[in-house]
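Heads up, the next two complexes both have chain A, just with different partners, chain B and then chain C.
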Partner chain A sequence: MKNFIVTLTLMLAVSPVIAENIYINGDVESRCSIVQDTAGRWGNPSANVLTTLPASGGQVPIIRFDYSLANAYYASISTPISFSTSPSLSDSTVFTGVVAVTQTSSSDMSGYQAASTTPAANTRQYALTVAGTTWFSATSVATHGGGNSTPFPSGSYTGIVVASCIAM
Partner chain B sequence: MTPKYLGANGVDGMEINGIIYQYTAVKDKEDDFTVTVQNKKEGGGYVFQDREDWSQKYGMTIRKAFAMPYTPLATFKEDGGAIVTTGTGSVENAQVVYLHRFNRCFDPQTDPNCTGYVTPLPPEPPEFDLYDALDDEFVEEATKELDQDLIDKDKKKEEEESEEKEEEENLETLLAVGDNPLTMGDDFTQSSIIAQMNAALNISAYYKARIPSIVYNEQLVMKEQKTLGNSKRILRSLAQDQLHNQMVEAQYQ
Partner chain C sequence: MSPAYPKLGLTHIAGVKKVAMQIFNSREDVEFYEIGVFDVNWKPINFVSLYKIIKIDYLSTVKFDVYLTDADALKAEYLCSRSKLRSDKNNKAMLATRICSRFK
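Presenting the complex of A and B:
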């Protein structure tokens, strides 16, 4: 018995400590996807105005939200407040934008526009309370020079509409 | 939706696998309004029906998409598609799009690569009415022999053939006597009796005939009974005799 205890003590004393990391992997697919339905384009009806209105030669961008969970996301859409690329401007530019629901996949979404909020001046946020698809339009107008009506310099102008799904 | 929009062969092999519709409901929020998009089914019922209730809601544009199992187009009743509304409101800018595919193997015989394709038998050759010029009466008339010698030759040939045929028939009759002599004997007996009876009738007609006894007197009277001679006849006869003798004698010289 004594010999056994001694032997066991020696075995425990010389055994190394073994540790192993076991990984758990998982993927989460988004329940909300955003797709550009229609590209936007600014028209130039007057020298100091750029607008997406079709009547002025522009095209309103359409954004489509597909979401399979109800009451899980906000749709947040922001219209431009500056040009991402443009010629050098000598005067200030004032941006205005309007975001609206244009189409829905259910009549139950017809109240989205009325229930929407404006967390920022150029941002409109919608609570997506019914699973489905909703199309939003983002109209943008840029006016150069303020009251001076300074013409835009010739060149290419680009603005960005930011659309995002925000978890509730 | 009618097959003509999907091509000439739009019914056979065409299958619907999805429907997308879009319209704008124009109404006031407080109004009750329902919109139903539907397709009637052949034989009754509906192959597709979707109802949207806009009551107490803002009117706006709706777009919906539906996936379907591949459904033959023939299942959709022709002119059976409709957008039906109830309540106060209207529908504008309505569009209904059908997603479809063509099942080329609907009839396996359309493509040898389809399952169930059976190699068809070769078609039967058509029957033609062959024209035989020898049977044409006009050709026969146009090629008719006009040479009298040839015609006579043909007639003679036909007569010879007819005689040969008649001889053959007689020979057959004689040969048939051996087979049925009693019958033939009766025929000959009866024929001879009838012939004798006919002969008696024919002769009796001569017996009964009466010839009237009329005397036919001489009416012609020759007034001059003198025969006129020919004085040159003797001289000519003698000259001929002399010539004859000369010719006979010339043989011996």
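Presenting the complex of A and C:
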């Protein structure tokens, strides 16, 4: 018992001061995310036209932007200007596109469309000045052959809508 | 992709700066993301990273480092991740998403 007490006394005498580091960890995810709400699809109402308009058998893609910080991001949406996959085409194709705000989580976002800009012919950019959620539609029409109305060859066609969330 | 406003830091190599980033994949239909660095006019800038196309499982986070020379770091304005899409056989307009952080 005496030896134990001596040993314990020596151990305590030489022990360094023990300090425990307490860490606080946290991951911050982006405050802007983009979700495909509705997939797009081209209808083929006439031989030389592909369109996403529902009246022509198409489906307009709907893109949802969720952002939790006001005045921090631009939403930029570009409609296709070429096919990413298609059969071999014998004539030129003209692409047109329209991007619009279709739904908002706040009435304060009602001015988004009027305040939007077009940094490129196929691109519309919105300043996301109010935190929340905004849905955008991206209508696309592809016309083959110009005045010749050359029919599209049969096959599958794919175009890509690019939706960007860009820090201000 | 975060942080939204990354800051380039020093490395142990003279003349090279580094930034640590992470990407969270919230898209079930996307497995791969490509990263890129651009100047204020959206012209691409050279950078080094372990991979330029990164596989990220759905609802997973991947951390990566981006290295820039001091000269390129002065020009770098945006660091973006863009979803890589697989082609399929439907006549549909697919959605590519791009999230861009801005260097401060």
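We adopt the following convention: the second predicted complex is superposed on the first by the 140 of 168 C-alpha atoms of A that agree within 3 Å, B and C clash if a C-alpha of one lies under 4 Å from a C-alpha of the other, contacts with A are read in each partner's own complex, and residues count from 1 in each chain.
By our rule, a residue touches a chain if its C-beta (ideal position, glycine included) is under 8 Å from a C-beta of that chain, and two chains touch if they have at least 3 such contacts.
Since the structure is predicted, the reported quantities are computational estimates derived from the model, not experimental observations.
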For A:L50, decide between first (touching chain B), second (touching chain C), both and neither. second
By the touch definition at the top of the document, which applies to A:S84: first (chain B), second (chain C), both, or neither? second
Considering only touches as defined above, state whether A:E20 meets chain B (first), chain C (second), both or neither. neither
Name the chain, either chain B or chain C, that contacts more residues of chain A. C
Contacts of A:W135 with chain B and chain C, given as first, second, both or neither: first
In the overlaid three-chain picture, which partner chain does A:A163 touch, first (chain B) or second (chain C), both, or neither? second
Could you look at A:D108 and tell me whether it touches chain B, chain C, both or neither (first, second, both, neither)? first
Residue set of chain A touching chain C in the complex reads 27-36, 39-42, 44, 50, 52, 59, 61, 63, 69, 72-73, 79-80, 84-85, 138, 140, 156-168
Can you check the complex and tell me which residues of chain A touch chain B? 101-108, 110-111, 113-114, 133, 135
Mind pulling up the chain B residues that touch chain A in the complex? 22, 25, 52-54, 57-65
Can you list the residues on chain C that touch chain A in the complex? 1-5, 22, 24, 26-27, 29, 61, 78, 80, 82, 85, 87-102
